[in-house]
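You will see chain A twice below: alongside chain B first, and alongside chain C after that.
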Partner chain A sequence: MAGIGGAETTGKKVGWGLLNAVVVIYALFPVLWIVSLSFKSSKTLADGNFIPREWSLENYENIFSTTEFTRALINSIGIALIATAIAVVFGTMAAYAIARLDFPGKNLLVGVSLLIAMFPQVSLVSPLFEIERGLGLFDTWPGLILPYITFALPLAIYTLSAFFREIPWELEKAAKMDGATPGQAFRRVIAPLAAPGVFTTAILVFIFCWNDFLFAISLTSTEQSRTVPVALSFFTGSSQFEDPAGSIAAAAVVITIPIILFVLFFQRRIVAGLTSGAVKG
Partner chain B sequence: MAEIVLDKVSKRYPDGALAVQDVNLEIADGEFIILVGPSGCGKSTTLNMIAGLEDITEGELRIGGQRVNEKAPKDRDIAMVFQSYALYPHMTVKENMAFPLRLAKVDNATVERKVREAAEILDLSQHLERKPSNLSGGQRQRVAMGRAIVRNPKAFLMDEPLSNLDAKLRVQMRTSVSRLQKQLGTTTVYVTHDQTEAMTLGDRVVVMRGGVVQQIGAPQFLYDHPANLFVAGFIGSPSMNFVPATLENGSLRSVLGDCVLTDRVRQLVEGADAPREVIMGIRPEHFEDAALVDAATLSSGGKFTSQVDVLESMGSDKYAYFTLTGEQAASAELQELAADAGSDDVPGDGISLVTRLSSSSGAVEGASADIWFDADKIQLFDPSTGRNLTYTER
Partner chain C sequence: MSQTTTKGAATTETSPETVAPKKKAVLSEGKKAERRLGWMLCAPAALTMIAVTGWPILYSLLLSMQRFDLKFPDRTEWIWFDNYVTVLSSPYWWNAVWVTVLLTVVTVAVELVLGMALALIMHRALVGRGIVRTTTLIPYGIVTVVAAFSWRFAWTPGTGYLSEALGSEPVLTEKIPALMVVGLAEIWKTTPFMALLLMAGLALVPDDLLKAAAMDGASAWQRFIKITVPIMKPAILVALLFRTLDAFRIFDNLFVLTAGSQGTSSVSMLTYNNLIKGLNLGIGSTMSVLIFIMVAIIAFVFIKLFGTAAPGSDDGGKR
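Take a look at the complex of A and B:
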């Protein structure tokens, strides 16, 4: 009996393992291809080999040799971090109010934020372009940060209010009885418990800002505020007949690294079941 | 430590619902007072108003002689134990207990000492570094108590603190809560829906129904002298038996046979301007097997004969259950009590009666038995108002 059961689990394990392997390969293959391209020299770029015949750092040296890419990298990191920080702070406050309070216009607020999230961004590009030129925000950091916050906030509010609803309200009452001001109750009891939600939201918002191409290409014109996804599209070879694919591949690998770091860093904070043990049942 | 005074305190919700109406209550310094009643009677709302978690619509709340209506919970210096314990899951037991002290900016050495003292009292010393999720229900309950006692508040408020524990542990914790309160001598307001907790724990018990205080008094007094049908039916387990009866020339006619009122009862009834149709209430222990009662006593009470439905022998006593033919006593208060006990939809023809007999009784299940009851112990109620017609302060 045990033998049959054991065989069955082994069979299942192999089956699941294969399925997982297929999914992982399917997802990672393009990434590996890009990595492979980035290490090829310009001569072997188009040879179709998966493993480069001669490894070279030529492409990486290229992209870092001019300010075009490094400047864009700084812009991207700065803009995405600032937009994420602001969106998460405001999103936390708004989500807390929505989850805990009953105030007039609450449903309207939720509805409007949902509306913003669903609005096709491409239809906003031309008006935003005109507005930002009028206000002198065109081709500046705030010119990108503002629309990013606008579109990230509904996302942040939605994710966070779901997390806040999970936290037992009695904990806040208990904190008040223990002598906490509403601010202290929020900072010392509610916020630490909502931390997994805050970090999850931060990751989502950061990725959204980091990956955006539409706003970045429409609302910037120079290196001063151009972000990496846009800078990539402006890459050219050393002559106009040279294919910049190698450089683009190298840059793509470089801009993937911050995202991986960001996720890995915050993943540790996302501990499921942090509220267990607070209340019985 | 301080006394708490509720002066005509009312709570009305924005939708107009009146949750608590004109509660007058003076809680003495160091007193252990119980708010008891079925769910939705306003006991928790009253407690939350004392805590400051809910606003007081009307009336005044004074703690230690000071009006605190407008004060935030943190400025009232009272501690609360919640039904769900509400422990902070991201803090260890020690941090949980130290939290009120940290907020009060107490220095480290004092915090350390007070937490250790509280942990010792509550037998939590070996669990100080653990997180609440790794504790058992009883331990969590004790941590919640510990968090309340560390800062020597003016009063403790407890909102059904034992109702999440299993039966055995609840009895055990009940004794420790009582002992702890005596030891600390802190004014305590305790909310429960369990009449046993109310009877065993409190110095005084406040029975509430529909936001209105029904009666305030010592547990034994409420048991012996309930002000109305509701209190009579709520306090006591098994609860009082209610039988419709008719008053006729100083005697009482019911399915339990005719019985002459004793002088004491007759005087009370006359003074109370009683109607003809009344509800007779009699507690299980005021019945006895007629064969065990001597002739002189027998004549001072009523007697009936009926078939024993069920007989439960508890060793020290026997509980005999009867079903008598007749209409059940009808009143809004009795209906509410039945609904709270969940027995309102149990089909029952006739009047069910619970009697407690001596263990030497020869009553047999399924056979007929002669049962005597003490006429001096009966209580008579007005079916329309529920008022106790035989109520006396003594």
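Take a look at the complex of A and C:
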């Protein structure tokens, strides 16, 4: 366990360095493996070596030459972006009201969103499957966007209201005292303070939509609206005798890149966003 | 685009703001305006959530009391609780329940221990804290299906480095080894999330208190058990609740790793198979309702344990 106090000796630093190395290896090992697999040529794909003996781009060429993958990529990006945009807008409005205004029914809304956050998503799959078939939403973008918004909203409302409560709203009043119009007070004072929270929430919601598998596999049936995680599970390889592992690995790497970029650039914010709604207070 | 909404919100919000020192007066004009604004701002979120969950929940109750098989739509009829009898007397269902409970208990327990260790490392690391925090976020962010494929290929005889290294027994084709691999994949993916929640709790433990205890001769382990853990208890419970409910829904990892073969189905997997593969809406909905009830029980037990520390209870009415 972590020792406290004491001198920060070189020995200790080395110990921490080793511990850190263990953690980093733990976190990256499966990722590196799938990257390695994606660069193996079809001949060396099944050699069971952790590092490719022969580097090649053929897996990437393969997946980008089929609509099965490119279409799924477009679906994934479009659906996740639209759902994120709507969830963040609705969530911002509701979180602002929860953090700043006093009105009956507020606790009910907070309670309902908590319930939805805990909801077993599979319980919604059967009724939604039938309802969406009835409404013609089955296997369409809106058919996935709607449940994504719904399950992203509790996350958005919690994270945003935690952020909004931290904003020093007196500044807005002060700006108005100094002669700013409400619009100016908002644009110059409040928006810059609120933007990081909104942005963080957008990242978390996007990751949620991007990752979903259960809704995507249950509520779609064709290329028209299949997202990448689902398309991956249907990859079969271009011929019966070809191992689809290479194509799956390449596609997996492509959809992992945005997440890795988010994590690298916005690490601090993601951590703050994940923990703010859950523990503070 | 979210900024424009908040902008609209803030500008219309000026009326309650001008009556800022809120009196206890019976619904002044400003107070009424504040109510209306509050409702208007919450309406889109509330309506969406209710439309997408409220009606479907009722609908699945209705479906669960019908014989409703899309392969034989003309044989649909109202059969009350027969579906529940069918499901509850099915060995497949109980096997799935036990698999789910086992996976949930084991993975959450291991994650708590590993997550705590990871949280302490991230909290206390003398060097390289940034690198550790960044890399631990990768398992959290990565698509579950992608991670699951990475594990599957690692264990595939011939292809995988793990099956090469540990003898080429095909682990994913036998129940217990397959479940262990599924558990491993689940633990890898979600420990960082657990660690982050716990780390936020660790930040609440005052350093002075720990130093004072160290002065008085308490060992590191005593300090951890007697000081750190009690102060972190709310954070630990929140983390456990979130992870337990999440683990109970396990689907993605199982789907990719075993597809529920050899009796490794979880309840979610079994429901999916009955519904989408079997097109049996009646049985699928019955399982949905049963899962909902089980999750409600778990949540209820946790909330009882929390007492007032339930997440969101603080979201009450303070400005």
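Keep this in mind: the second predicted complex is superposed on the first by the 238 of 281 C-alpha atoms of A that agree within 3 Å, B and C clash if a C-alpha of one lies under 4 Å from a C-alpha of the other, contacts with A are read in each partner's own complex, and residues count from 1 in each chain.
Keep in mind that, in the parts below, a contact is a pair of C-beta atoms (placed from the backbone, for glycine too) under 8 Å apart; a residue touches a chain by one contact, two chains touch by 3 or more.
This is a predicted model, so every value here is computed, not measured.
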| item | value |
| --- | --- |
| Contacts of A:193 with chain B and chain C, given as first, second, both or neither | first |
| Partner chain(s) touched by A:173 [first = chain B, second = chain C, both, neither] | both |
| Comparison of chain B and chain C by chain A residues contacted | C |
| Chain A positions touched by chain B in one structure and by chain C in the second | 173, 274-275, 277-281 |
| Sites on chain A touched by chain B in the complex | 168, 170-171, 173-181, 184, 188-189, 192-193, 273-281 |
| Chain B to chain A touching residues, read off their complex | 51-53, 72-74, 78-80, 82, 84-90, 99-100, 103-104, 131-135, 137, 140, 147, 151, 157, 164 |
| Chain C contact footprint on chain A (complex, rising order) | 1-5, 8, 12-13, 16-17, 19-20, 23-24, 26-28, 30-31, 33-34, 37, 45-46, 48-50, 85, 88-94, 96-107, 109-114, 116, 118-131, 146-147, 149-150, 153-154, 157-158, 161, 165, 172-173, 182-183, 185-187, 190-191, 194-195, 198, 202, 207, 210-211, 213-214, 217-218, 228-229, 232-233, 243, 245, 248-249, 252, 255-256, 259-260, 262-264, 267, 270-271, 274-275, 277-281 |
| Sites on chain C touched by chain A in the complex | 1-3, 5-7, 9-11, 13-14, 16-17, 20, 22, 31, 34-35, 37-39, 41-42, 44-46, 48-50, 52-53, 55-57, 59-60, 63, 118, 120-121, 123-128, 130-147, 149-151, 153-154, 156, 158-161, 163-164, 188, 192-193, 196-197, 199-201, 207, 210-211, 214, 220-221, 223-224, 234-235, 238-239, 241-242, 245, 248-249, 251-252, 255-256, 267-268, 271-272, 275-276, 281, 284-285, 287-289, 291-292, 295, 299, 310-312, 314-319 |
